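Chains here go by letter, A, B, C and D, matching the order in which they are written, and residues are numbered from 1 within each.
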Amino acid sequence: MTVSAWVFDMVLAAGLPVLAWSVLHTRDLFKAVALFIAYGLLIAIIWVRLHAPDVALAEAAIGAGLTGALLLDTLGRIGSRDTIESDASQSAAGERDQDKNA
Amino acid sequence: MLKLTAIWLTHLLPGLLVTIFGIFLLQAVIALPAQPVGLTTEVQRELPNSGVTNPVTAVLLNFRGYDTLLEIAVLLLAVVAVWSLHVVPLRTGHARYVAETPVLAHLVRLLAPVMILVAGYITWIGSARPGGAFQGGSVLAAAMVLLLLASMIGIRPRQRWPLRVVAVLGLAVFVVIAGGTLVVGNQFLEYPRNQAYALMLVLESVLTISIGGTLALLFFGAIPETASFETMNDEG
Amino acid sequence: MSQFQIYGLASVLIFSIGLYGFIVHPHLVRKILAMNIMSSGIFLLLVSAARRDMHAIPDPVPHAMVLTGIVVSVSMTAFALALTRRVVAATGVAALLWMDAPVEAAPIAARNDEHSRDLDRVADPVAADRDDIHLSV
Amino acid sequence: MWPILLPLIGTIFTFLFKRGGAATISLVTVSAITLAVAGLTRQVLQHGEQYYAVGGWEAPLGIALHADGLSVLMLIMTTIVGASTSVYAMGYVFQGPRAGSAVGGYFFWPLWMFLWTALNVIFLSADIFNLYVGLEILSLSAVALVTLEGKPAAIVAGMRYLLASFLGSLAFLLGVALLYTASGTLELNSLGTRMLSNPSSGLALALIMLGLALKTALFPLHFWLPPAHASAAAPVSALLSGLVVKATFYMVLRLWFDVFPAIATPAVAQILGALGAVGILWGSILALRQQQLKLLIAFSTVAQIGYLFLLFPLSNGMTEIGLDAWSGGVYFALTHACAKAAAFMATGTLVYALGSDRLDDLPGTFRRYPLSVAAFTVAGVNLMGLPPSGGFIAKWLLLTSALNSGQWWFAVVILAGSLLGAGYVFMVLSRMLLDQPQSIADSKQARPVTLTTELSALALAVFVFVLGVTATPLIALLRIGAPF
């Protein structure tokens, strides 16, 4: 494996967890879904790198495209603001704010 | 104090558990043999007898065709399951989006035919090179979703029957072929050797249409028939 | 590091991140996203392990398994999202924050009013003092 | 092969021809499946274990099917419970979207045929990835069947079930991925022979067992079961409690004895047994505390699932005693499937008739709906484990193997569970038999019910007595190809 290929793989592999984390922890769900689509495309590139072009084709169309469209459609109907917090973390966040003010 | 317990319960404890789990998983992945173990040699040995030259297509449609049959069943099941929920279907059939965004319309007009062509090509090439029914079907589905979004195609209540047929087509043809192999005295799903290629090509074409149609139906949401049960907080 | 090691490590990471996200987020869409990320972690493990020997043809069987898995996952996602919309329609929230209220068939007289009654009941966490059904999941 | 293909064909036709036609098609399918299962049973009885290479490709390249006594017994169980539930569902008035119309009922048929396909796929599979696909069909159709009821409670319970089930599937799939990348095969027997004790197979064992335990609702992973089983339509509850949890339990059993014997230590077996034991007590106690009929029966399922998992510590050592425990556990699954499905069907009729599933509304039912009360009584005898029911024989086998293997504490749990079981069954029965003035059952409010629903429940319930009589030949059948 050439050095450039190695670096390329490293960048792709490092990008994946970063994107995954931001998909799950971005506050706005629309942004999260947009990131998820990017995540799907990144995985599709990785399939190509791993010599799995068959999987790459399906991933790009289904994993990124169709799933993304499904998610966007759902958000369009139920709203995209993730304001739901479990009671505990809500009160925790509230108290954090109070601490800051104090 | 309360604050600490709250964060501890909702975030830190799961984080800790997941980290421990991740370490176990990492250990397990490291412990995997460094040399590949798998079925590469078996697939290569039998590939000439499979009727196709793309090993992935051979595995999907021939060696492990039974799994693929069940997978097509999963797709139909998903359609039935989604229909049984009676959600509000995607709004189509009027040119709202198209009028508002002419760029989208042009783009779709340009893209969709190309994508449908590509889908056909991918399916056809699948016997020898990367591609096949799943890949072609998913590209076809993407094209149809674009058309649906741009309201260039719509689904109306009158079209219930054709929709059902599209949804069921792939599974029905697969089952007929599978039953056929039993009737001619072969093992279940054992294609006659000299017709394997032709049968698989037929199967692939039907599956492409069916997979594309089914996925688009999943996107559309509801059976275009009944009043929806999703009333609250919805545009109705 | 070989490709398998690089992507194998990444697969462990994203599966764990997905699992964590699945546990800590009550929002259903977020849970569905987390599920998809977890399954992509499994797929990545399978496909990268198929390429442990970088000079040989990769094993096609995991590729076929992953293709199957992708289709299964999109089917599940489509159903889960439709069900999420029903949950929102039924309860007003895209989460399972409260414990399930005991299910009871309404008396015949009250049957027409069933929908709203159910809404009241589930929205009231105090009414749901059942002891073994946990929050989330 | 036909046991798998037939329900699939049934699916296609019930999907295409709605209203009226669907039920008829299902009955034709049911008869065809019965014939196919009978044929397979005969084959296994005459020639022993059967292997089948799908597509003519020998495993590990192709997918192998495998039928031994255990799989055949599970197929028979599915056919019996499935047939009576189908008859029951024809007379049942589905609620759900557009209550009373055929819509809820219409979607029942294709979903149920899918569920049946999945069950038969699982019982005949000898390939772990094939099992995964079967598991997904099973989960998706089961959840869709729960939400068919359409009430908010059912929707929320269905969502919880879906998430739990989804998580279980992912754990299972990760386990499968680890097994394949470690050993290069998906076929169960060759997986078993290539099993090495190392971190990957250890984690695979843990993941697969966790995933399946979650789907089987083993304590403490049972939280999703009571709301889902209690809020579903009656025939659906019968299928879920009777068959669906048995399918995942079957997978635990199959994988434990075929794939993991090299690394499944007695300690792991003890953990499973201990969870089962706690589940028995916990489920029974909660059942006793319920005020609602369907919820009570759902908690009883949690308790009864516990008995199934006693099989693992009791059968340790693979001796004659172990064989008894193994047969006892499987026979327990069989009898529980019939009894619990019958109980859900009978109570479903009553709940529909009374428009309430509160225990306090039950008085007087025995006079107006004697057949359903009789069905529940007979099923209750089995749940308590009294002779002459099949449940008695299953419990007896478990009990003797607990004593013979010196694990008396499990014997204590079995007895305690039976006592508690008697407690909740009598709690219901005493209300049903109570003669109370102005009860709902005697009033005009109570709705008439169809004879088919009452009779199908009663027939299935009486079948547990048949299982008590035919235990000897059935257990002989079960032992064909047993792992001992």
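Please note the rule applied: a residue touches a chain if its C-beta (ideal position, glycine included) is under 8 Å from a C-beta of that chain, and two chains touch if they have at least 3 such contacts.
Since the model is a prediction, treat every value here as computed from it, not as a measurement.
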| item | value |
| --- | --- |
| Chain pair with the higher count of C-beta pairs in contact (A-B, C-D) | C-D |
| Distance from the mean Cα position of chain D to that of chain C, given in whole angstrom | 24 |
| Between chain B and chain C, centroid-to-centroid distance (C-alpha), Å | 18 |
| Separation of mean Cα positions, chain D and chain A [Å, integer] | 38 |
| Touching two or more other chains - residue numbers and ranges from chain D | 129, 133, 136, 140, 143-144, 147, 174, 178, 180-181 |
| Multi-chain contact sites of chain C, meaning residues that touch two or more partners | 9, 13, 15, 20, 45, 49-51, 58, 61-63, 67-68, 70-72, 74-76, 78-79, 83-86, 88, 90 |
| Of all residues in chain B, the ones touching two or more other chains | 10-11, 25, 29, 32-33, 36, 38-39, 43, 56, 64, 67, 71, 74, 77-78, 81, 85, 88, 134, 215, 218-219, 221, 229, 233-234 |
| Which pairs of chains touch, using the document's own definition | A-B, A-C, B-C, B-D, C-D |
| Chain C-touching residues of chain A, taken from the complex the two chains share | 1, 6, 9-10, 13-14, 16-17, 20-21, 23-25, 29, 32-33, 36, 39, 43, 46-47, 49-52, 54-55, 58-59, 62-63, 66-67, 70-71, 73-75, 77-78, 82, 84-87 |
| Chain D residues within the chain C interface of the complex | 129, 133, 136, 140, 143-144, 147, 151-160, 162-164, 166-167, 170, 173-174, 177-178, 180-181, 186, 222-224, 226-227, 230-231, 282, 286, 291-292, 294-295, 351-352, 354-358, 445, 447 |
| Complex contact set, residues of chain B against chain C | 10-11, 14-15, 18-19, 21-22, 25-26, 29, 32-36, 38-40, 43-44, 55-56, 58-60, 64, 67-68, 71, 74-75, 77-78, 81-82, 85, 87-88, 134, 211, 215, 218-219, 221, 229-234 |
| Residue numbers on chain D that touch chain B, as the complex places them | 1, 5, 8-9, 11-12, 15-16, 52-57, 60-63, 97-98, 103, 107, 110-111, 114, 117, 121, 129-130, 133-134, 136-137, 140-141, 143-144, 147-148, 150, 174, 178, 180-185, 198-200, 202-204 |
| Chain B contact footprint on chain A (complex, rising order) | 53-54, 56-58, 61-62, 65-66, 69-70, 73, 77-79, 86, 88-89, 91-92, 95-96 |
